[in-house]
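Take a look at the structures listed below.
Below, subunit A partners subunit B and then partners subunit C, in two separate complexes.
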Partner chain A sequence: MEELIQHLAPLLKEVVGYIYPNEIELHWGLLVVVYPYVTGLVAGAFILASLVKVFNVTELQPTYRMSLLTALAFLLVAPLPLLAHLGHPEKSFEIFFTPNTRSAMAMFGFVYAWYLMAVLLLEIWFCYRKDLIQWAKQETGLRKFIHRTMSLFSSDVSERALRFDRKAVKAVTLIGIPSAFLLHGYVGFIFGSIKANPWWSSVLMPIVFLFSAIVSGIALVLLIYMIATPLRGKEMDMACLNKLASYLFYVMIIDFSLEILDFVHRVYESEESIEILAALVTGKLFISLIVVQLLLGMLVPLGAIAMAKLLQMPNDLKKMIYFVAALLVQVGIFSTRWNVVVGGQLFSKSFSGLTVYKTTFLGLEGLLVSMGLLVMPFLILYVLFALLPPWEESKASLEGS
Partner chain B sequence: MNRAIPSVTDKSQQRRSFLKTLALSFAALIIPGIVVARDKLDNIKDWVVGDGYRPADHRWGMGLDISKCIGCGRCVDACKKENNVPLEPFFFRTWVERYRILSKGETLIDSPGGAIDSFRADAPEDTVLRSFFVPKLCNQCEHAPCVQVCPVGATFSTPDGVVLVDAEHCVGCRYCIQACPYGARFLHPETRTAEKCTFCYHRVTKGLAPACVEACPTQARVFGEVEKKASPLVRFLRMNKIAVLKPFLNTKPQVYYTGFDMEVR
Partner chain C sequence: MPEETLPLSVSARSQESELALGWIMNEFDPNTALSSVGRFFRRMLERWKQFPEQVKRLTVLLGVVVFALLTARTMLVPADFGKYGHYRASAVDEIAALPIQYAGHEICNECHDDVVETKAAGFHKNVGCEVCHGPAAAHTEDVEAGELLAPRGREGCPLCHEYLPSRPTGFPQIVSASHNPVKPCIACHEAHDPKPPETPKECSACHATIARSKAISHHAYVACTRCHEAPDEHKEDPRSFRPSKPEARAFCAGCHDDDTAGKEGIPQIDQTTHEERYVCWQCHYPHLPEAQ
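And now, the complex of A and B:
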């Protein structure tokens, strides 16, 4: 308690205008920024994977399994920031066992469980089943055991079984797309349904969340592909990169349009809250919203990808542009989450003042924990890549054997 | 001869009829008891709460008369003491705001320390046109957004119209704090659960008024039944022009104001 008081006391001096006295403590901090960022990556990576299966985008085949594993790695981490942020994490099971069915947040447990069990794990299992069996046959010791266990001790690799696998993957993908929409759309709804907060309360919120999620997911898989491929000493598939960049570009255009629509709508309706929101955007959020989210995270990458598409240039230069653009997009989307979550709490609900948010380095809500949570999915991904190599050649070599 | 010695069958018949009578007599004693107990069990929630206090028979609300409030902050102090609210100036179940409307149209709003030590008479540079105090507290909304969003149902509305938090079930997610349009909630720094004004439910169920109402020297706070005719609140609602905070949010507050300006939110 002492720590909190010491943290809050100096903030009082930085309040501009009038805020309700209970508002000096900003309740959803960095951890709640990390949460929608991470779930967004899950939904985005999965939707990218679905493009291959549902719409038969063959150029993206090299990233299919990679996207699935990325989605899984991030999904496993997704509930951790929420759990760490609860006042009583030991009671969190109540959200599953005695949920208030009228609460958007209470649905989290079910949406999450559905997405993990019924979608991701199922699709990955059907997708890898044949390979798991084949790998286990050639291996010894622990790896053999792990792969045997992962295949749930199935051994049927007859043409009929494989045909069923393929059908199942397709079916799960078809269920998976709306599920991914649900997963992240619902995160947007948690914010968008708070009528007390004009910065959040918008019917567009779930859709904006969804498209920014797809943007971040595609950019992430692009980055992982561009880092993992040279590390394995392989050549990048330029057609695949170009396709990824194109999809990234298209989805960013949609995302950008939605954000502009939201902006124009707010300014045009010009409701009671417009003055305080204008003060927020031009003041405390100027760097993170105008400079980082809009300029660096949206316009610069859009321009860069457009140039790479329109102009004749060597492949290496193109790769560099894609890489930098995808990196900027990540920073931009993280900033987007920050601007929604923290930005929505920087102004008073009395619409008469602005408050401040200061992160600490240590402590559960601190920078260190959040950075750890952002690194963790990559460690999980490393293990997943080792256990379930998503590379084309590890699949191809087996088919030959 | 035969009569002199009662037969075995007679004896057992006698015993049977004796037992029958006995059972009937006991039943006459017990059955009304069971019936009454069942009746009580149906209303168990009602009689557990207080001595004969039946929540369903009441509906509580509060009226605040802006013209009477002198901004002394006694209510804030009384509330903190009554309800063990941390004394630090970041946690309030009730607080008082001061509005000063200047001649150039600007409005100064403040509530230093929630006004627990009243206000300092610092004169602004511009002439003050109007000035008034607004006590704030949980609006005990009929359509409470906090109740709607609580993922575990720890925040709930009682039959007598008060919104309470069950600290045993609150997981501390703070969604309710985000959903409250009035800034009336906070996370208790020690229990790490959500907190808010309860209308001093522990007092009200004993027939007492909330601590802030008791402490108010000017009777700016009127507490009572919303519907019963004899209630001081009903009189307050009849005799004054009534407004609620943020009516467009359709939260249906049961805290009513009279005499505030449009600057108040």
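And now, the complex of A and C:
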């Protein structure tokens, strides 16, 4: 009790206006912010990979496998913030064994499992099968065993089998695009369907989430490509970078338009909540929404990429602009998730007051755990890159052997 | 029953059965049947062999995963799950088997009818006995063994009567830190028939939320009685004798009309043109008029 009072006392000093007693402390904290952010990166990275296979964007070929592995690394981490937030991770299997079909949250387990097992792992397996067989042939010891096991001890590299692999990849990608939409659209749906909360309750929410997810996914793959390539001592493919930046720019325009549409719609509709939402946006969320999300995360990167496209400039300067823009986009999209999750709980259901959110550094809901969860996908990605090198040359050298 | 009296359908069915039996006895060849089954499986095996190697391996893996999941589900999900709803049916019996703690307020009347009668006429008529005295099932079984709680300090009453802005106006509320500190509540109040020991002098004794809002507003120095006429009986029986509320625009205009002289510093309006379709309180909260 003493601990609770010590926790609530400083919050109470910053409460503005009238709020109900159970609204002082937020129930969804930083971990629930991390969850839609990470899930969005998965969906975005996968949709980028799909561009190569479905729309045959050859310039993006160097990032195809990288995107798939990025999506996998982040997907493996995606449920962890929820498990940490809910506690009792040992009970999580129960949503699979006794599914509650009337609960959208419970159905996430199936959306996740479908996306992981039927889409991502399958596409990666078909995509890498030939390479796994060939790598295993040249290797010895543990590495050989791992690659043999990953290929499910497959050995057929005949032209017929390879043709089947290519067809299967295409088919899985086609199923994968609506699945990726479902995965992140669902996250938006969870918020959008809470009709008691005017900050969340919007039919546009799933689609806004989806496009912001694509924005963050493309920016992430751009960043990983720009960091991993020089680390390997290779030259970046400028055509690929330009194409990535173009796609990032186009999707950001759509995302920006949707967010403005949502904003205009709210203002025009002007429901009874509009005054408290206005107070929220101009007060507690001013820095994270207007400055970070809108200005730094959207307008500055849009302007920077447009400048890099329109003006003649050296490639090195372009690379720098793309890198900074992608970094800002990541900060902006994280801020978007923050503004949705935390912002939606900062105002009272009485529409007469605002509370405050302060995160702790330690503890399960603290900053340290969230940072750990955000670093974890990169560690997984490092291992995946070591086991399944996505680089063009690792493919080419084996084809020649 | 003679055969000609049987219904036609029964007779036809028995003929069919006889024919089938006859076919089994005379024409069915077990070797031919076995070879047909064998041919079917051979065909399936040939089809399976024609499948791409990848599909075979994935099918086996999928089979293993599905089998593992189904086995785990069979082992881990209780047999009676879902019988009544999305829960384990035997949980209902387990919960029903828990010892009963509360007796309900009717049974108290059997021994404590005088207290029940007093309580039924007072403000606490809707508060169950066990709210203050705790679970009484054991007490009703054996008076000696199951002793009840009797809150005699200051710990019980503030649970309902401590000041909280979300409590309804008119509900008696105190700030226990400043309301006769240290003194037990029952020293002044009879819990079974609670009444203030003396008639409240200030409106704020019951209308604490309004008093707190008004105290920080521009109306801080306007007495409650300036706008409300409260009969004396209101203090004794607040719901039967309600205070009046100003209803006409002219009342507020008494201070706020621009014709009113000698009212420096008070916001002035022309009541003939200022939002003439509304009464004042539709836009202005009189206890905190500067609030938006």
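One rule holds for everything that comes next: the second predicted complex is superposed on the first by the 392 of 401 C-alpha atoms of A that agree within 3 Å, B and C clash if a C-alpha of one lies under 4 Å from a C-alpha of the other, contacts with A are read in each partner's own complex, and residues count from 1 in each chain.
The rule we apply is simple: a residue touches a chain if its C-beta (ideal position, glycine included) is under 8 Å from a C-beta of that chain, and two chains touch if they have at least 3 such contacts.
Remember, it's a predicted structure, so these values are computed and weren't measured experimentally.
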Clash or fit, subunit B versus subunit C on superposed subunit A: clash
Subunit B versus subunit C as contact partner of A:Arg129, first or second or both or neither: second
Partner chain in contact with A:Ala161 - subunit B first, subunit C second, else both or neither: second
Contacts of A:Lys195 with subunit B and subunit C, given as first, second, both or neither: first
Partner chain in contact with A:Met105 - subunit B first, subunit C second, else both or neither: first
First, second, both or neither for A:Glu275, with subunit B first and subunit C second: second
First (subunit B), second (subunit C), both or neither touched by A:Tyr18: both
Residue contacts on subunit A - larger count, subunit B or subunit C: B
Subunit B versus subunit C as contact partner of A:Phe153, first or second or both or neither: second
Location of subunit B clashes with subunit C - one stretch out of 7-15, 25-33, 115-123 or 169-177: 115-123
Contact residues common to both interfaces of subunit A (with subunit B and with subunit C): 18, 20-21, 98, 100
Touching residues (chain side subunit A, partner subunit B) in the complex: 1, 4-5, 8, 12, 17-25, 27-28, 82, 85-89, 91-92, 94-95, 98-100, 102-106, 108, 190, 194-197, 345, 348-353
Residue ranges of subunit B in contact with subunit A within the complex: 86, 88-92, 95, 97, 107, 109-111, 113-114, 136, 145, 148-153, 169-175, 177-187, 189-190, 192-193, 249, 265
Complex interface listing, subunit C residues touching subunit A: 52-55, 57-58, 61, 65, 69, 72-73, 76-77, 81-82, 86, 164-166, 292
Touch list for subunit A against partner subunit C, complex: 18, 20-21, 93, 96-98, 100, 117, 122, 125-126, 129, 152-156, 160-161, 164-165, 168, 275
